[in-house]
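See the structures that follow.
In what comes next, chain A is part of two complexes: it sits with chain B in the first one and with chain C in the second one.
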Partner chain A sequence: MTDPAARRVLVLGVLTAVLTATGIIGLFLVAPEDSGEGQIQRIFYFHVSIALVSLLAFGVAFVAGAMYLRSQREWWDDVVFISVRLGLVLAVLTVITGSIWAKAAWGTWWIWSDPRLATYTLVILLYSAYFVLRSSAEGSRQARFSAVYAIIAFVSVPISFYAVRVAQSVVHPVVFTSSGAAMPHSMLIWFVVALAAMTALFFLLLQVELMQHRAQRALREVKLRLERG
Partner chain B sequence: MNPRGRRQYLALLRKDLRLEFRTRETVVAMGLFSLVIIILFEFTIGERVGNTAPIAGGIIWSTLALGAVLGVGRTWVPEREQRVLDAILIAPVSRLVMMSARTTALVIYLLGVQVVVVPLAVVFFVNGTSAVNLLLIAGVCVLADLCIGIMGALLASMSVFSRTRELVLPVLLLPSLIPVVITAGGATDAVLSPSRQMAEYRGYCLFLAVYAVIFALVAYATFDYILDD
Partner chain C sequence: MSGGTQYVVAAYAVIWVILVLYIVAMGLRTARLAREAELLLRLLDDRDAAGTRDEAAGVGH
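Here is the complex of A and B:
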């Protein structure tokens, strides 16, 4: 295999498979059951790692947006687009898993008074608008406006973190505080594995989609050359 | 801003305000639209809940945000209709000066609307209040309008070059304004509550000020790229 991108996909694929298998076995069979919430607490491993990786995806889009504005390289625009798309899917999954957890733990599907849930919904709305703008802009403006918007939208992410600390969350558990993680080491280790698996999955999907975009661009160029004769 | 930039800024601002003073299109439409929404809120919510005082801030700022979308939507429209947009863009004026003039014009339009709408809304929903409370709400208006003006000028500059500009702008702008509406509504409620909550009011105002500064910095860093044609 000579293509470096294909080699990266292979390495990331193997890493993702190993981490995911280890994580699933560990968090379902080895990690201790939570004394307060019982089995439903295991959704925490998925919910928090998906949430953190969605924020990572938006962070990657932010950096790639800034890089596109500096270099005007199409590759960075692809990274912005794919990262926002993956981040949005993960953000929606976060809200769904959070809602399932809320129903089991607090007896309700949704609580508006919790600032983190509310601001996470805001983040989803902001990044959904990215696609409306992108499909509406034309020519070189499409990539430029998309990059600028990815930067603007990312500003909402620290605000979502800030809101939970300032507005005094009513119900949402704050697991990670400045004094460390509020959970035993036997749980923390499986959370780290779940987070690593989700991060590897994100970079794998990003790499696969980048390859697909590159292939599409090459195909477009071939078509153009054939049309010109 | 150097003396030349200041002169350009004042010239652009004078042009916008003179245009608005002659036609009175934007401010009158925003004001009427806001009044209609207030009346809608009164009949759909006020009549049902009876005492609207505890939710007055939320109603007032939701109304003002929806009204602001009309004003922001008119940004760059007169230039486009009179086919002078390209001339303005190729003029030797820095993008920062253009953006500052746009933001200031938007803040002035919004304040023009709020001078009429806010006291009326206070009469409708809270049954009147003291002059000191109205002055404190005026402070909230200035801060929130700065946030709306900066964000509005930034997003309107992208939507004006988009294919479906009338559809794109509300989708981009309203999610960005949600934190502004929440905090400005919170500050207004803190003032209008029977025992004025000054600590809460200051907290919300500080949040609005920080929000305005953050987005001003984002706008400063990205505005050149938006109008880079």
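Here is the complex of A and C:
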């Protein structure tokens, strides 16, 4: 395998498979049952991991947006676009799994007064608007506008992340503080594995989609050359 | 199922289904790329065939 991108896909694929399998086995068969919430707490491992990786995806879009504005390389525009799309899919997944957890724990699907839920919804709406903006322009203007928007929209990410720390939410307690994690090591280890699995999955999907975009661009170029004769 | 197990199963099923759907969407995009590549190959074949015919006609004259 000479293509470095294909090699990266292979390595990330194996890593994702091993980490996901280890995480699922660990959280269902090894991790202890939570004394307060019982079985329901097992949603935590992948729910929080997916939420954090969605914010990571928006962070990657932010960095790629800045890199595009600096270099004008189309590849960075691809990274912005794919990261925002992946981030949104993960964000929707976070909301759905969170709602299921909320229904099981508190008997309600949604609590509007919770700062994390409100700010996270804002993040989803902001990044959904990215696609509206992107479809309103073409060519280099499209890439430039998209990059600028991805940078500006990222302001909402730290707001959402720190909302529970500032507002002292009851629904979303602060688990990770500067003094450590508010959970036993026997649980923390499986959370770390789940987080690593989701991070590897994000980079795997990003890499596969970047290869698709590369192929698409090459085909477009061949088509243009053929049309020119 | 008791003790909230059904909710845990539902949450992980949703994760599984959405990720599979995402992979299916990626597969459909890959299929479109393959179709485009095949179309371009046909265009190239047609062009080569036309070029051969023109050459043959040129030799004949």
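Quick note on the criterion: the second predicted complex is superposed on the first by the 228 of 229 C-alpha atoms of A that agree within 3 Å, B and C clash if a C-alpha of one lies under 4 Å from a C-alpha of the other, contacts with A are read in each partner's own complex, and residues count from 1 in each chain.
Here is the rule we use: contacts are C-beta pairs under 8 Å (C-beta built on N, C-alpha and C of every residue); 3 or more make two chains touch, one makes a residue touch a chain.
Owing to the predicted nature of the structure, the values given are computational and were not obtained by experimental measurement.
S.K.: With both complexes superposed on chain A, which partner does A:L69 reach: first (chain B), second (chain C), both or neither?
M.R.: After superposing on A, A:L69 lies in contact with chain B but is clear of chain C.
S.K.: Name the contact category of A:V14: first (chain B only), second (chain C only), both, or neither.
M.R.: Neither partner.
S.K.: Please determine whether it is chain B or chain C that touches the greater number of chain A residues.
M.R.: C
S.K.: Could you tell me if A:I25 is touching chain B, chain C, both of them or neither one (first, second, both, neither)?
M.R.: The answer is neither, since A:I25 touches no partner chain.
S.K.: Touch test for A:A147: chain B only (first), chain C only (second), both, or neither?
M.R.: In the superposition, A:A147 contacts chain B only.
S.K.: Should A:A6 be classified as contacting the first partner (chain B), the second (chain C), both, or neither?
M.R.: After superposition on chain A, A:A6 lies in contact with neither partner.
S.K.: A:A137 contacts which: chain B (first), chain C (second), both, neither?
M.R.: first
S.K.: Touching A:V208 in the superposition: chain B (first), chain C (second), both, neither?
M.R.: A:V208 sits against chain C, while chain B stays out of touch.
S.K.: Contacts for A:R42 in the overlay, against chain B (first) and chain C (second): which applies, first, second, both or neither?
M.R.: second
S.K.: Jot down the residues of chain A that show up as touching in both complexes, chain B in one and chain C in the other.
M.R.: Overlap of chain B and chain C footprints on chain A: empty.
S.K.: Touching residues of chain B toward chain A in the complex: what are they?
M.R.: By the definition above, chain B touches chain A via 154-155, 158-159, 161-165, 167-168, 171-172, 175-176, 178-179, 203, 207, 211, 214-215, 218, 221-222, 225-226, 228-229.
S.K.: Residue numbers of chain C touching chain A in their complex, please.
M.R.: Answer in residue numbers: 3-5, 7-8, 10-12, 14-15, 18-19, 22, 26, 29-30, 33, 36-37, 40, 43-44, 47.
S.K.: What residues of chain A sit close enough to touch chain B in their complex?
M.R.: Checking each residue of chain A against chain B gives 69, 119, 122, 125-126, 129, 132-133, 136-138, 141, 144-145, 147-149, 151-152, 155-156, 159, 163, 166.
S.K.: Of all residues in chain A, which touch chain C in the complex?
M.R.: 24, 37-40, 42-43, 46-47, 50, 89, 92-93, 96-97, 100-101, 103-105, 201, 205, 208-209, 212, 215-216, 219, 222-223, 226
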